[in-house]
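What follows is chain A paired twice: with chain B in the first complex and chain C in the second.
And now, the complex of A and B:
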């Protein structure tokens, strides 16, 4: 086993068991761990307060007791969150924070608040409409309140100096992850989609300095150890704003003769796309980051007239030379359902092959998916074979 | 066989024959007003009027004073569903690519938008198939305003409407904080969060008025706004006074009568006709109280209804509950919505009070506050059981319901859920409602026997 396999294996174990990792981290450091929810939480604030920011992941455990507080027609992630709360899987957290206004996420958070009355739960609602001149000051104000709340919870003062240091650490880690993305995108390394996801998911739950150390080592050796093998059909994954698609689904898709070269998943490029600018006031920097993120990789959970997810996707596909797009849509995700026709139109207009796969927490019929993916890959291959003849 | 010592079996549940509810006659006038409103709106283009499409809060007094005509997306979706004419719009939405798990208001109205565009492209609706005509009759918009509290989907839906019309039209968005309650002093109409949110929204309403002035090229008529809000405030007071009269035994009117009065208070113009309508409703209820006229022929139970309406099934549900002798007394969507705190409105300086009402959208509260409001209403109306409408495609209306149910159970109330949807009848499960309602009423009978 090479060094890359070892590093990915270690990070994978953490990504698979964030509860165990957090418990161990708290024991080692004697500090608090704060659970944060997707999609735009400025984790640097938590870090600057001396706590471990943990983006709460979907659990692989079947949803059972959580059903008493959330309906089955909420997305798998939100149902899992509530189930984790009522089955003591979140007990190691010292607080839970959220900034995003998603109706399902907030419903889940409110249920968690009810289920865990002793857990500090805080909403700093960032305005989701990005166009208005009064939106940045509102977000800036909420970030300041968030800072005060975190400082009080952790019993510290969050200094500008500490916040700048945290911002620099997270920017560094994002840059390392983007470097791996770039190597994969340009075909210089072979890295499975599930492995790529492990790198990002582990960044969401780990001590950032430890993660950056692992990434630094990985970046040094990956292009040596992971030379690209025979090409499959190049695919771009799109969707999943809040949680990780199941790794076995990603593996299955690639086992059908495809190579995933890029994505806009939350547990992927969306999460690491944007750095916090180094501004005189770090809170201004975090505010700018929130708006920059949606300019860089637009998300249909934000309301912005000046950018479109579909335009981004078409440009990304052109840049990464994908031959097709696989949309991974979590069942019941309304912002995704709303924008799907716009995505489809844009891809059809440009002749980009496209496959929609709906995902769920449980009951995903992988063999049914396999047949569809095989057909999709075959279609792309035939198209590629016919295209030169037509030319 | 006795259930336990000293208690005998309750009587088997038997639906009451010929138990049609005795609905208020005065609400028919509201139906006529609403029909006139839509018919007039359909001809807006021919009359050269400026048309705004909007969703969410009752911004209509603003539009009224700005001299433009307003089309409330959800209201039209609800109207189509109530008339069982939602099919063409929903099929069009499905063809366009929307999943049936998406908010049925959104996909109905987006389907209407597609049909409206088609109708415009085919020079009017005459070339549309007959069944599509109503769904395609909305006048194309000149501008969009989004003002959706409590529901992120509502905001995203208008982003799509904006894109369906090629991003060519002016579009204004009002953003609302959820009344979440981060601090111990935050509560219904109280706390720093409430004050801050009220002023934040009010500031945006002033910006909206500037936006409307810019796009209509007319000065905003503040006096017209004050006048409209004067009428709306009075109509709201009459509505609440009439609702309070319904505490009488037997109930002179029920939730279903108040459902019939949602459209008038939600989006009809603020004018004397609106006041007259609610004065008429109140007068009829007063007469019923004096004469002892009941809304149900045999009132046996008093229930509350939580959740948004199932517009496809209003009459069906009214009959269903009447058959069991269940007077549905109160509901979140009727009693805790739509200008329901008129004391907040200063008709001479109305913006802040309007902003506060927009924040008071019944889906913009925490579960704890919703539970408290529910318990308050149950006590006011002598309710013994709560019926929760689990609305398949509306997470906004569903949020908090399970917490509310647990709070109600702790307070000694019976609860039940039934499954349905706001505008897609395919999600309605009649047998589920029937069996759960029957079980709940039997439990209430047992509890009564237990004393």
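And now, the complex of A and C:
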């Protein structure tokens, strides 16, 4: 087993058991762990407060007791969050922060407050209107408020120096992850979609310095150990705003003659796309990051005239030379469902082959998924074969 | 001497096998019924179709499999999904079709095909077997009627009742309740078939409703299902002579495409531009049977050698 397999294995074990990792980290360091929810919370603030930021993940266990507090027609991620709260899986967190981007998450947070009345829970609302002149000052004020709340919760003063250091660390880690993305996108390495997800997911829960150290070593060896394998049909994954698609699903898709070369998943490129600029005032930097990130990978929950998700997706597909797009849409994900017609229309108008897979917490009938993905791959191959004649 | 091609559709409740000659004409076709995916049933279907054709497995130049059990067949040279195969087979049966509706034992599909017979878009049931043959089986048991008699009985309906098309198990409960309320078997069965049609319409809406429409799969033999789907679509449905074997026929034709592409590679000059295209076509197994407009254009317009042209024209 090479170093790449070993590193990905270690990071994978952390990604699979964030609860265990956080408990161990707290025991080693004697500091707090703060849960944050997707997608807009600047984790650097938590790190600068000396605490471990933990982007709370969907649990793989069936949802049971949580059903008493949240309806079935909420997405799997929100139902899992509530279930984790009710079944004591979130007890290791010393507080939870959210910058809302979805009304379902707000509902989940209400349920979590009910289930964990002693858990400090803080909600910030960054404006979703990205073009207004008053938007940046509003966001900055909210970030300052979060800074104050975190400082109070952790019993520290969050200095500009500490914040700049945290920003530099997270920027460095994101750059390493983007390097791996670039190597995969350009076909210089072979890396399964599930493995790429492990790299990003582990960054969401680990001590960032430890993660960056692992990534540094990985980047040094990956294009030696992971030469590209025979190419499958090149696919771009799109969707999943909050939580990770099940790795079994990702592996199954790639087993159908496909190679995933890029994505805009939250546990993927969306999380790492944008660095915090190094400005004199780090709160200005975090503010700018919020707006820059939507410029780079637009989110359907933000309202902005100058960018849109469908244009980004079409451009990304062209840039990474994908032959088709697989949309991974969690069932009941309203931000995605309501926006999907725009995405679909843009892909259809440009003749980009597209397959929609609706995912669920409870899992999928994988054989029917296999049939659909294989048929999608066959369709792409056959149409490409006769494309010169049809042109 | 090998002289034929076989397609096998290893479905969820039936196994179908078709043997075609090198002109793409059906020599023999067989359907074997089984309770579940069964290696034995497939072997029977293969043995039956070979016996009907007076051939043996060694006579096959290609054997291509499809269906849920497609990867289980050692004798298959290649396998393709039933979506690709049903599109290929249905268009061979009804060349003018642009929409294929296939309702089988446990799945139902709507497949939009273009003028070349290639799949444009498709939609399948993805969570349960509501609206499929299994749906009918469950309700036939609840209604104490044979599957074969369901369609004819449903056509005698005089009232329109409503049954949910969302779940086979809950539909069974509804059927029992409707009968307990005194509704006649024909009326209840009419509602069952209308529910299937609604489900099918939902699939069609995802790929686009465009005619002509051809229906394949076992449920195409149920005239009430066809009637109600026609009503729901507002379009007539073309029924091939043997709709149940469309997938196996498509698999066989894809095998024939592959064989012809291999023959073309053997006689073409490497620098021939059309040879390069044939290599890709062979690898992708695009439609290449006699009469296919895409292949016809290629043959007519290419700079192939006379020998290769003659071979493709066989």
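Assume the second predicted complex is superposed on the first by the 385 of 391 C-alpha atoms of A that agree within 3 Å, B and C clash if a C-alpha of one lies under 4 Å from a C-alpha of the other, contacts with A are read in each partner's own complex, and residues count from 1 in each chain.
The criterion applied here is as follows: a contact is a pair of C-beta atoms (placed from the backbone, for glycine too) under 8 Å apart; a residue touches a chain by one contact, two chains touch by 3 or more.
Being a predicted model, the structure only gives us computed values, none of them experimental.
Participant: Should the pairing of chain B and chain C on chain A count as a clash or a fit in the superposition?
Facilitator: Once chain A is superposed (C-alpha atoms), there is room for both chain B and chain C without a clash.
Participant: For A:383, decide between first (touching chain B), second (touching chain C), both and neither.
Facilitator: Only chain C; A:383 stays clear of chain B.
Participant: In the overlaid three-chain picture, which partner chain does A:40 touch, first (chain B) or second (chain C), both, or neither?
Facilitator: A:40 contacts neither chain B nor chain C.
Participant: A:344 in the overlay: touching chain B, chain C, both, or neither? Say first, second, both or neither.
Facilitator: Only chain B; A:344 stays clear of chain C.
Participant: Taking the C-alpha centre of chain A as the vertex, compute the angle to the C-alpha centres of chain B and chain C, in steps of 10 degrees.
Facilitator: 80
Participant: With the two structures laid over each other on chain A, which partner does A:57 touch: chain B (first), chain C (second), both, or neither?
Facilitator: neither
Participant: Pick one for A:84: touches chain B only (first), chain C only (second), both, or neither.
Facilitator: Neither partner.
Participant: Of the two partner chains, chain B (first) and chain C (second), which one does A:375 touch, if any: first, second, both, or neither?
Facilitator: second
Participant: With both complexes superposed on chain A, which partner does A:171 reach: first (chain B), second (chain C), both or neither?
Facilitator: In the superposed model, A:171 contacts neither chain B nor chain C.
Participant: What's your read, chain B or chain C touching more residues of chain A?
Facilitator: If we count touched residues of chain A for both partners, the winner is B.
Participant: So in the superposed three-chain picture, is A:125 touching just chain B, just chain C, both, or none of them (first/second/both/neither)?
Facilitator: first
Participant: Closest pair of CA atoms, one in chain B and one in chain C, after superposing: how far apart in Å?
Facilitator: The answer for the closest chain B-chain C C-alpha pair is 6 Å.
Participant: Provide the residue numbers of chain C that touch chain A in the complex, in ascending order.
Facilitator: Residues in contact with chain A: 68, 80-84, 107, 116, 118-119, 122, 124-127, 277, 280-281, 283-286, 294, 297-298.
Participant: Show which residues of chain B lie in contact with chain A when the two form their complex.
Facilitator: 96-99, 101-103, 106, 146, 150-153, 155-160, 162-163, 167, 171, 173, 175, 177-178, 180, 182, 200, 203-204, 207, 366-368, 390, 392-393, 395-396, 398-403, 406
Participant: Mind pulling up the chain A residues that touch chain B in the complex?
Facilitator: 68-71, 73-74, 101-104, 106-107, 110-111, 113-114, 122-123, 125, 127-129, 131-132, 134-135, 138, 149, 300-301, 303-305, 308, 331-332, 334-335, 337-342, 344
Participant: Considering only the defined contacts, which chain A positions touch chain C in the complex?
Facilitator: Against chain C, chain A makes touches at 358, 364-365, 367-369, 371-372, 374-375, 378-379, 381-386, 388-390.
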